[in-house]
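Look at the two complexes coming up: subunit A is in both, with subunit B in one and subunit C in the other.
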Partner chain A sequence: MSGRVIVITSGKGGVGKTTASANIGVSLAQTGVSVAMVDMDIGLRNLDILMGLENRVVYNLVDVVEERCKLRQALVKDKRLPNLCLLPAAQTRDKSAVNAEQMKKLCGELKALFDYVIVDSPAGIESGFQNAVAGAEEAIVITTPEMSAVRDADRIVGLLEARKEEISQYRLVLNRVRPGMIRTNDMMSVEDVLEILSVKLLGVVPEDEQIIVSTNKGEPIAGTDNIRSGLAFRNIARRLRGEDVPFMDLDELNANWFGKVVKFFAPARV
Partner chain B sequence: MQVVNWFFRRKDESVRSQAKDRMRLMLIHDRLELPADRLSSLEEELIAVVSRYFDIDRQTTRFDLQQYERRAALIANFPLLRSKC
Partner chain C sequence: MPKIAIISQQDKGVLIDVGGCSTLQEVTQQLISTLQISSEFWAGMNIDLNLGELKLSETEVSQILSIAAEVGIKPHQIFASNAATKEALATHKVLVGTGRPMTLAVGPLATEPLEPAATHAQPDSGNIRDAAGAVPAPAATEVHTASNNDANATCTASGAAVEPDASSTAPAPPAILYLRQTLRSGQSVSHQGHLIIIGDVNPGAEVRADGDITVWGALRGVAHAGLNGNTCAEIRALRLEPIQLRIAHAIARSPDRPHKTTQSRTGPETARVINGTIRITANNPD
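Here is the complex of A and B:
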């Protein structure tokens, strides 16, 4: 087997990288493929919490790299999906604990075992980012429609462009989109951001308080039916698998009676 | 000089279009590693060079930074009044 290694990155912190990693991992696994999620945010481990697996972490990525355990021993199986695993980051080490060569080797081993390897990159553009992308062939750039996040995403796109040899494609996920604010011209739209960054779109995820609830429960939102943000992540997974899934109409989000009236007179283009 | 003004020829003053315009200009500078004052000095030099050959209409002289995918292009428009030679 040779799986696809996809790094999830953003430049700026706090735009939803880890949330996206967890949800894309879960969504892919739900389609039946085997998935390993790798937390590369060494020293600031969080993916285990989002997955609700923090109590099951025994070994971590640095233990594997430093050969204190076998790869299979460090992989934590998901509670619900038997075909989904997490390779946790070390919490008590820092970004220098792993180098690019070691990461390449690790990704090579993982893609021999799994259909998809999802690497959650740390924020920033320094060594942590460089190591996270070292073993990847594809990238997902996460941003929100805010100026600072878009600027940092552009830096990341520039760095990915410079790695064209290794990173064959990268696509954008626009997170925390607020259709109401776009409609009132208080926020950049999806088209605005795509035009400015000049990148391909992989998905649009609406702002959703339920994400916080799902983090608190340790159950990624993609596992829950009837929630728009969860559906957005499931659509992203289907697009990664090559399906042509139309982008959802974010106007439907404000689909109370008032929202419908507003939409009728002033449809938002998001 | 007019470098900032020409860029902000807004159709409307909405926050969204302000954000988009600022964003685009910022990223063009970022990608080219261009300091903020660099374009205005280029603009002045270009006007000086063209003015050695032509009388130009300074009022309607325009510079425009455009984005083509991830590249930028500087479009200059010098209305020429008469040749100086």
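Here is the complex of A and C:
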């Protein structure tokens, strides 16, 4: 078996890399494939908290790299999905604890065991990022509709393009979109962002307060039905698997009955 | 290897190991954060410094010495493996350490890996209160022979002599490291005797000791007592709310969903190994 190694990266911090990693990991696992999530944010590990697996971590990525334990021993199985595993980062170490060669080797071992390997990259473009992308074949760039985040995403796309031999494709996920603000021209639209970045779109995730709740609970939102942001992540997973899933109509999202009436009469407005 | 480690050298004071740092900036940062927070703790103590493989110039060495001097510390001897650093140290008339400096103890977890089946992927019922997920502890005899720094002695004679007894031919009782500091996420302390922390241990921080761990504050991170396989080691805290507890080879983790009773429970508690699993009991004054 040879799985796909996909790195999730953004450049800017706080745009939702880890949230996206957790939710894409859960969504992929829900479709029945085996998935390993790798937290590369050494020293600032969060993915285990989002997954609610913090209390089960015994060994971590650095232990594996430094051969203090076997890879199998460091993998923490998810609480709900038996085909989903997490390789946690070390918290008491820093980015210099691993190098690109070691990451390549690790990703090679993981993709022999799993269908999908999701690597959560740290913010920034320094060694942490370089290590995270070292073993990857595909990339998902996360950004939000803000100038600063888009600028950083553009920088990341440039860095990914420079690694054409290793990274075969990279796609964009636009996170924390507020359709209401786009309507009033207070936020960049999906089209605006795509025009700047000219990267293939993988998904659009609406802003959702429930994400905060799910983060604190340690239960990724993709595991819950009937939540729009969760559905967006499930759609992303299906697109990753090669399905042709139409993008959801964000306009319907925040619209009350009045908005729907307006839309009925002026459907082409946004 | 952590950036900074505080290692007890039994009766020879404390060794501060900054060998994990790769730049001078890191060293100064680590020293400032560690030394200044607990300056009163260091005062009057015999302190050695290990610079590891760092290559430092004369001015860089003096920078480090002045940081130490600010909190009233003059390192007794400094270990360095880099030749240039040794030369720089010599010009400052510092005693350059000979022999091998002590290093962080590697716990039994590292040498005898646990079976993942036993530690991971457990059903949700496992939690600290009912202490599921424990791994069978090694036979008691193994513990005795494996350890020359026998923290096991405290099992029968708790509250034994605090001061190491030099005249005795028997192995010295474990030294105690007393830290007046809150450990934050990412910080870790490892000690070859008993460990006492006056402050909190926050989530993401790790405390490890061959002997007991006592936290006068809230223990919210990971604690590993009985690193050398001593199943008699205990972990106690004013507020015992850890992510994970390990005693020798036994592991217990916090409940996935905190019970209401757990949250309302306050007051000091002690964790110890009973029948191979970790149990927590309240320390009621009665």
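Just so we're on the same page, the second predicted complex is superposed on the first by the 260 of 270 C-alpha atoms of A that agree within 3 Å, B and C clash if a C-alpha of one lies under 4 Å from a C-alpha of the other, contacts with A are read in each partner's own complex, and residues count from 1 in each chain.
Assume contacts are C-beta pairs under 8 Å (C-beta built on N, C-alpha and C of every residue); 3 or more make two chains touch, one makes a residue touch a chain.
Keep in mind it's a predicted model, so treat the numbers as computed, not measured.
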Partner chain(s) touched by A:Met187 [first = subunit B, second = subunit C, both, neither]: first
Which of subunit B and subunit C A:Ile196 touches, first, second, both or neither: first
Subunit B versus subunit C as contact partner of A:Arg155, first or second or both or neither: first
Subunit B or subunit C, by number of subunit A residues touched: C
First (subunit B), second (subunit C), both or neither touched by A:Met147: first
Contacts of A:Ser2 with subunit B and subunit C, given as first, second, both or neither: neither
First, second, both or neither for A:Leu75, with subunit B first and subunit C second: second
Where subunit A meets both subunit C and subunit B, residue numbers: none
For the subunit A and subunit B complex, residues of the former touching the latter: 147, 150-151, 154-155, 157-158, 161, 182, 185-189, 192, 196-198
Contact footprint of subunit A on subunit C as seen in their complex: 2-3, 22, 109-110, 113-116, 119-122, 124, 185-188, 203-206, 243-244, 251, 253-254, 256
Subunit C-facing residues of subunit A, complex: 43-45, 52, 54-59, 63, 68-70, 72-77, 79, 82, 91-94, 96, 218
Residue ranges of subunit B in contact with subunit A within the complex: 12, 14-17, 19-20, 22-24, 26-27, 30-31, 67, 69-70
